[in-house]
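The structure appears below as structure tokens.
Each chain carries a letter (A, B, C and D) given by its place in the written order, and its residues are counted from 1.
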Amino acid sequence: MEINGVEIEDTFAEAFGIQVSRILVTAATKKLAKIAATEATGYGTSVIGCPAEAGIDCYVPPEETPDGRPGYIIMICNMSKKKLDHELLERVGMCVLTAATTAAFDALDDAEEKLKIGFKLKFFGDGFEKELNIDGRTVYSIPIMSGDFLVEGELGIKSGVAGGNFLVMSESQSSALIAAEAAIDAIKSVPNVITPFPGGVVASGSKVGSNKYKFLGASTNEKMCVTLKDVVEDSEIPADVNGVYEIVIDGATEEAVKEAMKIGIEAATKVPGVLKIRAVNFGGNLGAYKINLQDLF
Amino acid sequence: MEINGVEIEDTFAEAFGIQVSRILVTAATKKLAKIAATEATGYGTSVIGCPAEAGIDCYVPPEETPDGRPGYIIMICNMSKKKLDHELLERVGMCVLTAATTAAFDALDDAEEKLKIGFKLKFFGDGFEKELNIDGRTVYSIPIMSGDFLVEGELGIKSGVAGGNFLVMSESQSSALIAAEAAIDAIKSVPNVITPFPGGVVASGSKVGSNKYKFLGASTNEKMCVTLKDVVEDSEIPADVNGVYEIVIDGATEEAVKEAMKIGIEAATKVPGVLKIRAVNFGGNLGAYKINLQDLF
Amino acid sequence: MEINGVEIEDTFAEAFGIQVSRILVTAATKKLAKIAATEATGYGTSVIGCPAEAGIDCYVPPEETPDGRPGYIIMICNMSKKKLDHELLERVGMCVLTAATTAAFDALDDAEEKLKIGFKLKFFGDGFEKELNIDGRTVYSIPIMSGDFLVEGELGIKSGVAGGNFLVMSESQSSALIAAEAAIDAIKSVPNVITPFPGGVVASGSKVGSNKYKFLGASTNEKMCVTLKDVVEDSEIPADVNGVYEIVIDGATEEAVKEAMKIGIEAATKVPGVLKIRAVNFGGNLGAYKINLQDLF
Amino acid sequence: MEINGVEIEDTFAEAFGIQVSRILVTAATKKLAKIAATEATGYGTSVIGCPAEAGIDCYVPPEETPDGRPGYIIMICNMSKKKLDHELLERVGMCVLTAATTAAFDALDDAEEKLKIGFKLKFFGDGFEKELNIDGRTVYSIPIMSGDFLVEGELGIKSGVAGGNFLVMSESQSSALIAAEAAIDAIKSVPNVITPFPGGVVASGSKVGSNKYKFLGASTNEKMCVTLKDVVEDSEIPADVNGVYEIVIDGATEEAVKEAMKIGIEAATKVPGVLKIRAVNFGGNLGAYKINLQDLF
């Protein structure tokens, strides 16, 4: 199958279950909301080494937010509910509450459970906090130095999907990189997903375990390294490919992840020099979701 | 004392010892370096709740970096050397190595100790890694999907200073906010410091413990909350003050923190509506450093 | 009338007829499209002294553009069709054609006339240009150094509205400024309008002619200057107002301008310290449009 | 000659004399200064079709500006002193004076002449303007709606150099583009120069006149178009080159232009896929300056 003249390999992305939260961070201006959303979602590329997978989902204009101010929806995810509870408490408490003019509201549809994040944060008010009702939501107003911080009492979580992905394989590193950027630009218009790696793009791929260092749980996937294509015998890098980047997508639903993969692939294949799209899987036994690339179209 | 017509209170900022690292993250373009630097320093406002205090120190043009590419120097800090070692490994490994076209080099002067971060990360190469010498530095080249990631074998750490600070008190919240932004703009030209809070600005202040909730280690400092100035009896907010923001500075040296405080205060006092500059301390018994505001000038 | 507790004065904005164009600028990435759109719309605040009134209307994701790439819609306006024709030719030819990876398409609904901009630009191809049909549009492909530049043969123009406006009056300059920024953030979600001044905000207001210098066509409106409120006898600045900024809106239709004014005012009145919203008019005899503020709600 | 393994062709860039101005635009924050500087320098790629060549030179931190606020230095250039005078009056008057919280100061060393820009703009104050002395400069304070606008009475101009340039030739369009971006990033650290095209990069090259359309003064340089390399007989695009972008530099001095070319070439040649650096000239008879590429190193 070809999209925009680029081969879509007949393979599947293997994705995993994860607990997902989705929080609207508003502020006096779009820029101030972005600052808080960025701080709260940093150090959140993969739970392999980061305390959460986190990113900015989308911008919400002021006329569509509960407090009439501009905001960004962020998603924070972890396999463990307990760890997600901790991350929400600290990322909202340390990175949103401390940021200028912000407020935080639940933005998850179809929550399966609610975590009492705002309820717990309100104690910071030391008795001066107040309970408000805004748009049918229970919200706490906590006096802080610069004014009052509003935070919804409960933030929803649900079972979502982590690790939706595709690979952009290109004749040059630069072409793969611009194609990855184009894919991320396109995915930004799909709600309910994040691309948690830096700038949405993954420069490295790993395999389970290591051939040489037995103490390692994961190591570079040498068969997919462009600079090793003439070094390792069973390299999977075609002769004409010199650039590979991966897009990894976490989503609140499998449908959202699929839509993001579709739209991302369409955008990437528009960039000159892109030769092939494939996906990362581990044989199909590790993850709960198998998303066939060709079924997306 | 007055600076630009604004009263500088006769008080001191109380600061603490912290272990500091300073790493140069380079990439093919300035934008790509910024993306990696931002991801690696997120979720890093205060060790009270974040796993590190982290931020971007300064930009370094390509002609001044070891690999001739544009870069940003980041600082990552923790009270504990062991935790800092963990944070460096994960923040560099998960947020810089995974980012497009990046490399990471030590950028700390007068290191007291070296942590073997690059040395440990190199095992990810599963035997395909190489040791290089660049500008007299031992650097490892690790093959990853999109190319080779370069990382210096050892990253220096030293005893630095956390929690240098000053408060901007203004007739309106907006004026305090713009003054805080102006202060941050000015502090960006001082090397060896970061302002780890979101956008460099702190919207909340806390006191040790809580009057009402005995299980809390810290709670809002009600005496410094503008919306409680007519509610609490012993409010320290003057009648004409309606906006307060704090700037918190971590630095590799006390001198750098002082320089940042001086330059930041000068910039903040240029903004119309600023009435007073003061600082946060805890009586002087908790922190190792007392920085008198008036001695800065 | 009050909105969010802020007085909306019973007055009207006086607006003028103008010829409007609306062009979609696409590129390989969102960032590259933004660069071209910004260059093409600079030096375009007011036709009083600039060769056009110009700005960025909105972002269009790749799945909604004719060439499947991300783009920004820009608007370029002038009272004179002849001058608008010149501006389109030069701004597209010098600032979009010369920019990396761009293309330009007509994006105006209900055009009253078509200007042959792409048709004229195609001669730059010196015989190597080609005529294409994309989505039913006649588009020229012009070979340039880095590839082929696509431009639609004809760009539509229509009679639109210039100078829709409102004034934010605040207790401090900083509050008025943040409120103006919040208004601009909100207006960005209204299609078919631009706010042509720097960052969307106007810091100066003028009156027709001059009392002191007879050779001047326009001079500062001293009655509306906050620093002259205690100097001129008939100042219109209330005693408690210390900050005033104006938002000026150009639109393809009167309805779009009204919607932008409404949404902008709602956002501005959310910012603490805003005391009053009014509008600029010249008695009602100069402009073709009178937009009553209170009728917006 | 090779730099970083990339061939530097033995050729020269042909550059022209131009009248140059250099103005410092300050504001309350770095962001506000950037907004004004960007608006004032838009629609300024080349005097072939734009009313000026204009761009941002560099950022100046608050402790180094006359008013202690952050600022950007912009350069505005034209072959004709009379046209430059007009452009300065309108670009400062319509795009800086109208922007929030700004001021404008002369920033040109070794001026050969002074234009009375601030002196003329002051009449907008309608008698309420004041003459101040700041740091030995004659500055006018003009009351505008939001406060007072400060502008230096005279702005210096001098004979500078336009059209310093080099071409990045790469195996792919994407590689040439990233190399051009890296070059621009590097050039940003050289004072006294601008790169006036969108994002600093030129996507199109032209020849004098046209072979097919006799009414044209300039048309595409078909010998340098990558998509015509197999179409035109005497193409100058090597078989392995598929991407070409040009960097054009205007400077206050020939030395500054040379330094920018050198630093830009060094940065561009660091990007994988770059094959060759050459320069644009017209045989050497049109321009006053011939800058040999190989002499730069």
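Going forward, contacts are C-beta pairs under 8 Å (C-beta built on N, C-alpha and C of every residue); 3 or more make two chains touch, one makes a residue touch a chain.
Computed from a prediction, not measured in an experiment: that's the story for all the values here.
Compared with subunit A, the chain whose C-alpha mean position is the greatest distance off is D.
In this structure, the chain pairs A-B and A-D differ in their number of contacting C-beta pairs, and the larger number is found at A-B.
Taking the mean of the C-alpha atoms as each chain's centre, subunit A and subunit B sit 25 Å apart. Inter-chain centre distance (subunit A to subunit D, centres taken as mean C-alpha positions): 39 Å.
The set of subunit B residues that touch two or more partner chains comprises 28, 31, 147, 173, 177-178, 271-272. Shown here, the protein chains touch in all possible pairs. Of all the residues in subunit D, the ones that touch subunit A in their complex are 31, 170-175, 177-179, 271-273. Within the complex formed with subunit B, the subunit A residues making contact are 28, 32, 35-36, 38-46, 48-51, 54, 89-91, 93-102, 123-128, 142-149, 173, 176-177, 180, 197-199, 201-206, 210-213, 216, 218-222, 224-228, 231-232, 243-246.
Subunit B makes touch with subunit D in their complex at residues 4, 28-31, 61-63, 67-70, 147, 178, 181-182, 185-186, 188-189, 263, 266-267, 270-272.
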